[in-house]
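The chains carry the letters A, B, C, D and E, assigned in the order they are written, with residues numbered from 1 in each.
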Amino acid sequence: MATLIQQIINGLSLGSIYALIAVGYSLVYSILMFSNFAHGGFLIIGGYLCYFALNSAGFNIWVAGFGALIGAGFAAVATERLTYKPIRERTSVTLYLLIASMGMNIVIENIFVIVAGGRFRALPPVIPTTPVHLFGNATTSALDLISLVTAFVFLGGLQLFLTKTKWGLAIRAAACDLRVAGLMGVNTSKLISIVFFVAGLLAAVGGIFLSVRYTLYPQLGMITIKAFVAAVIGGLGSLPGAVVGSLILGLAEMLTAGFLSSQLRDLVVFSLLVITLIVRPTGLFGKDVKEKV
Amino acid sequence: MTAILELDNLNKFFGGVHAVRDVSFSLEKGELAGLIGPNGAGKTTIFNLITGVYPLDSGHIVSNGKEINGLRTCDAVGLGIARTFQNLRLFKGSTVLENVMTAGQRHHRYSFLEAATHLGRWKKTEKTIRDEAMEYLEKVNLAKDADRMAGTLPYGHQRRLEIARALALRPELLLLDEPAAGMNPEEVQALNGLIVGIHKEFDLTILVIEHHMELVMEICPHVVCLNFGAVIAEGPPEEIQGNPEVLKAYLGEEVE
Amino acid sequence: EETVKIGYLAALTGDWAAYGQTEKNTAQLAVDEINAKGGIDGRKVELVVYDFRGRQEDAVNAVRRLLEEDKVSAIVGANASGINIATAALVNRAEVPQIGTVSTNPMVTVDRKGKVRPYSFRICFTDPYQGKLIAWFAAKELGKTKAAVLYDIASDYAQGLREFFIKSFEEYGGETVADEAFKGAQDVDFRAQLTKIREAGADVLVLPNMGKEMALIMKQARELGMDDLVFVGGDGYAEFMWEIAGKSMENSYWINHVSPSDPNMAKFFEDYEAKYNDECKEFVNGILGYDAMYWLFDAIDRADSTDSVKIAQALADTKDLQLHHATITMDEFHNPLNKDGIVLIAKDGKGQFFKKIKPE
Amino acid sequence: MSAYAEGIFILLLINAIAAMGVSLLTGFTGIFTLGHAAYLALGSYTTAILTLDYGIAWLPAVLAGGIVAMVVGYLIGLPTLKLMGDYYAIASIGLAESIRLILENWQSLTNGARGLAGIDTFTTLPVALSFFIVMAIVAFCLINGRFGRSLKACRDDHVAAALLGFDVAKIRVASLSISALYCGLAGGLYAGFISFIQPMMFDMLKSTEMTAVVVFGGLGSMSGCILGTTVITMVTELFRPISQYRMLIYGLVLVLVMVLRPEGMMGQHEIGGLLKRLFRRGGDRS
Amino acid sequence: MDGKKPLLSVRGLEVSYGAIKALLGVDLDVYEGEIVSVIGANGAGKSTLMNAIMGDVARQAGEVSLDGKPLSSKSFQVVHQGVSLSPEGRKVFAPLTVEENLMMGAFPRQDRLEIHRTLAHVFELFPRLEERRQQYAGTLSGGEQQMLAIGRALMSTPRVLLLDEPSLGLAPIVIKDIFKELKTINEGGMTILLVEQNARQALMLSHRAYVLQTGRVIMEGPSKELLANPEVEAAYLGTGHH
């Protein structure tokens, strides 16, 4: 029993890290309808910026953290302006964007391989990782609780923005037809930049959390593939879906590893992805708009 | 004479919307009939039901005496049914000629092995398919555009290409969904001629949805009018034009 | 004058970059030293280093290139059994010798049928012995009875060492209460396995893996509140682990090939520092990479030829060769005989010599 | 030719066979995949296991690899190819990872994540070249003619295609199966070239590369995909010695290809067609 | 109109798509309070003209101005300057509901209360839309989508409303209603530029008209005169009904 509780806690805490990242995926998907695999890249940009600001420039954590968020936000905007925008203007096939984003991810990762080297860096425990005892033997770390709360705060804010403001509506309209959204008076370039800025910011938050929880190295962005799977399971484009999907995925992983076999955990993750798509292509919370003939 | 198509009490719901309501009518072989009705009356939906694009909620569709409810879309052609679309659905990445060949090839066979090697019957068969497709293009007056990409044709021409593609299937029953949409009066006139022409030449049964009354009233001896998913009038054009319900729901008071 | 081309297979990027960068540096140091002395019997040495990013696929490609394009006389590296096993077929077909630096799995030098691979060599001890060292240390020196193993299923080395350890530990009367796996280079979260280990009541956790994963495991174990668990690791010990695991590293034990305070190596450390302005942090790889080069120089000298077949013969015939860290003699399976087992302890932020052990 | 140049040429031919498979599916049927490395994996594992453990000769082993990939492609296609657009692409990531993970976990057969070493290197230049020529002829024949037209119909408008009597699901599955066959054969040849295989070699990066190559060459152009493969294989192989930069350059190439020429090098055209046109124009002038 | 300055003025407008020249120097004026129609055969460049005014396709040469001030070359700014378009082929936001589509039309406006009044007005004009308020626009019938597109353009209460083939696919009775409504809103002060295949009705409604042929204005004048012109009659009005 104690083990079960501990594994559930482990699962939720892993899920909360996924959630932070998955929300970013979903946000970009909700406007441009493509899966931005460069998200992992933004994440490590955030992580390294924070690391260098703390260690080389000697800033305090608040300044460093803030700088990292802004920096990653701008990196995301730059990526969008330099690579996605020209593609979007030439073709409407979103798969090209997807491939370009994978390319960007490789580029960013390897820029850090070259400039920061293959060494592992650890952020000082700016976010406390001390064990927190819940009930009995069950433990989690303070970091996990903070990351869960952060994920919910961002999610709530974004959700309100998207559903309650006219800019949110504009985002959804732009998602379906950028040109026509322009004809409605929406400055779509600016709108998209804002979305990417927020996505970059979210990625940086995820990057800092991940660097503290694990360690900082150029391939750290790889973990985002799980967050991506979570976003799909929850329903791409749905922010609550992203969070729910993440928690489900975290639980599935930990329970598989804990009670079946740790080798099978990724198999379970990807099988869940495939099964979800077959049963409900738009995920748990995605809405299914059928094409009219 | 037997009915080539019989609709018997068709019903279709989309969520709360009762899009098709107890619709029954039938088409005799060789008829040229019009289907009219206000926007959202359910006309396109009826085409979609006949061709199996949407499943039927209740009722029967009988073609040549055979019940074809729950037909798979791809089996419609096998029963001799072809259609065009309200929103053009051409193969935009293929040439005009290829569009028609794609339809026409079903009447000619060669084996997979021949396809993979271009040996045997391949060459001869391909030539036949091509020649036939050219004939259909000439019918709709597009032969000169055979090598253009389908998507670059002007709108009105694309509509005619859809008709040629449907004809190449050699159907018995042709369903046309707003073939004159976006055409100017001049072109509508030409289209009238085309429809009447193919109707005769290919011995077709045609059901056409249109909002251009100058087309329907001129060429369709049999007109069905829908409103809110239900048939409100059926008969020859003169009768329909004078039907007060049709006037009120669809044509507006004064009709010339 | 004829030069000798030697290939070096190093992980310069990826998870193992710290190990590989050090090896590359020490190999270059050895080459510079020998060339400064006029080369081997007048033959200058040329070093060709390729990165394999910690992946077999890249290693295989790099070796192909060394063999086909650079036509090297011998290859040194890599620093992991899996890499050497993957490349063994190639070098043996091409008849070019390859020396593994810390590649400890038996399969590095023998094939699936148990026959020695004529062109594969190593300078370190093997895992049956290492497994025994770990088991002896845990059972006899630390007095532990309930061991847990958490090993990398993607690694030939980890799978082998786990097996050898468990066998020996049971022979010494201990019990393996948890035997958990993960996937190296992919997994970063080990809390599920650690929870099971905690539940099993293990008193020692044996880590036969590469550095990054071991560091993350130790860190997460302490975060789960597993404060009393003692860590005993294999020869994957690396200084870069401190950066990841921090204080969680303190008081862990590591079975290894060499000691950082070996007086015979003092000059090496000095020279390294002078040349690279950096202390040779990953000293295990540093020392073994350095001596592997010297071993090869000696073999070339004895073969008196740049012909790879003759060099391989000379390597196989090595007997009582005095290198810097040890004196080596090859056995019939191309493994050096009677190498020391050294225990390091992680203390005050670095790895320190703890003791030398010799299990019965 | 030096042994090294020959090696690159063999690799190029193998990659081109795989690219033709992906091109058939993505370029001509309009189904984007991000998981075709899985079929490469199936082909190479089948070939490797048959030659290593069962002592079967390489040629039947390679053919068996192709067939295994094709059968798996067929079985996978049945339930998943009803997914359209992005959703199939995402599903293919999941499917490919699942296959890779099964290979990784089936230790008794595949030696798990550690991979299989010591595969006979039977893929010599003549072998690769003969396979390439045969497969290329078949591919070109298939796309010119009724099969090619039906693929394109399903690609451009699946509803209209269905109403022309095409069983879209069946055609999509057929296209995937043939495409898997190509990749399976390429995988078998690859195993016989590289001599060592490991599940990690067939990861998402590899799948993306396979699709990117085809996009680079031009969707809907067979000769384009061969050209694309040539360029990308050359670029990445040339930069292999400076491996830190190799991946960076590879990533940049992917991005630049998408940014500068999303329609690909050849657009929808075939080299033959372009030459013909050029020739005709030249003729007009004179 | 003599002496008055035009509200919307187009001078020497040229547009091409790659090698295809779609507009070759078009001049056109629309005065405050007018309805002006543009007629012409398929491919004459009517839609291109509308899109170029909006800045939705790039203008290669020429000037477009509103009230003497140049119109931006970015469509979203043009909307804020007071011109909006109901584009050819509906272009509704398929995954948004009918109501959300209409609210998008009101995007440039700030006056919440007034917006709801306009919404009520659109619903009055197209009761079908009110019934389908929460339906996804993509599942509407062709004609319903057309109504939505027109309604959406009305929602921005522009100074100049551009309509590209508003009657496409609509039932005769709805066309009549719409033309009536256009007259009413025009009388309420909105200036309208209208492109129609249904030339006769367009000419009957509008004050002035332009005839476009392969990218050039070949005729212009008061609609009444054009209606009576035998050339126009032969080429654009057809002989059939209406």
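Criterion: contacts are C-beta pairs under 8 Å (C-beta built on N, C-alpha and C of every residue); 3 or more make two chains touch, one makes a residue touch a chain.
The structure presented is a predicted model; accordingly, all values stated were derived computationally and were not measured.
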Contact-graph distance - origin chain B, target chain D: 1
Farthest-lying chain, centroid of Cα atoms versus that of chain D: E
Whole-Å gap between the CA centroids of chain A and chain E: 43
Length of the line joining the C-alpha centres of chain A and chain C, rounded to whole Å: 37
Length of the line joining the C-alpha centres of chain A and chain B, rounded to whole Å: 48
Chain B-chain C separation of Cα centroids, rounded to whole Å: 75
Residue numbers of chain B (touch at least two other chains): 44, 53, 85
Touching two or more other chains - residues of chain C: 12-13, 153, 183
Junction residues of chain A, two or more chains touched: 113, 263, 266, 291, 293
Touching residues on chain B, where the partner in the complex is chain E: 14, 17, 37-41, 44, 86-87, 154-157, 178, 181-189, 211, 213-214, 217-218, 249-252, 256
Contact set on chain B toward chain D in their complex: 51, 53, 72-78, 82-83, 85, 89-94, 98, 101-103, 105-106, 108, 110, 112, 115-118, 122, 126, 129, 165, 169
Residue ranges of chain A in contact with chain E within the complex: 166, 169-170, 172-173, 175-177, 179-188, 287, 289-292
Touching residues (chain side chain D, partner chain A) in the complex: 32, 34, 79-80, 83, 86-87, 89-91, 93-95, 97-98, 101-102, 104-105, 159, 204-205, 208, 211-212, 215, 244-245, 247-248, 250-255, 258-259, 262-263
Touching residues on chain A, where the partner in the complex is chain D: 33-35, 82-83, 86-87, 90-91, 93-100, 102-107, 109-111, 113-114, 225, 229, 232, 263-264, 266-267, 270-271, 273-274, 277-278, 281-282, 291, 293
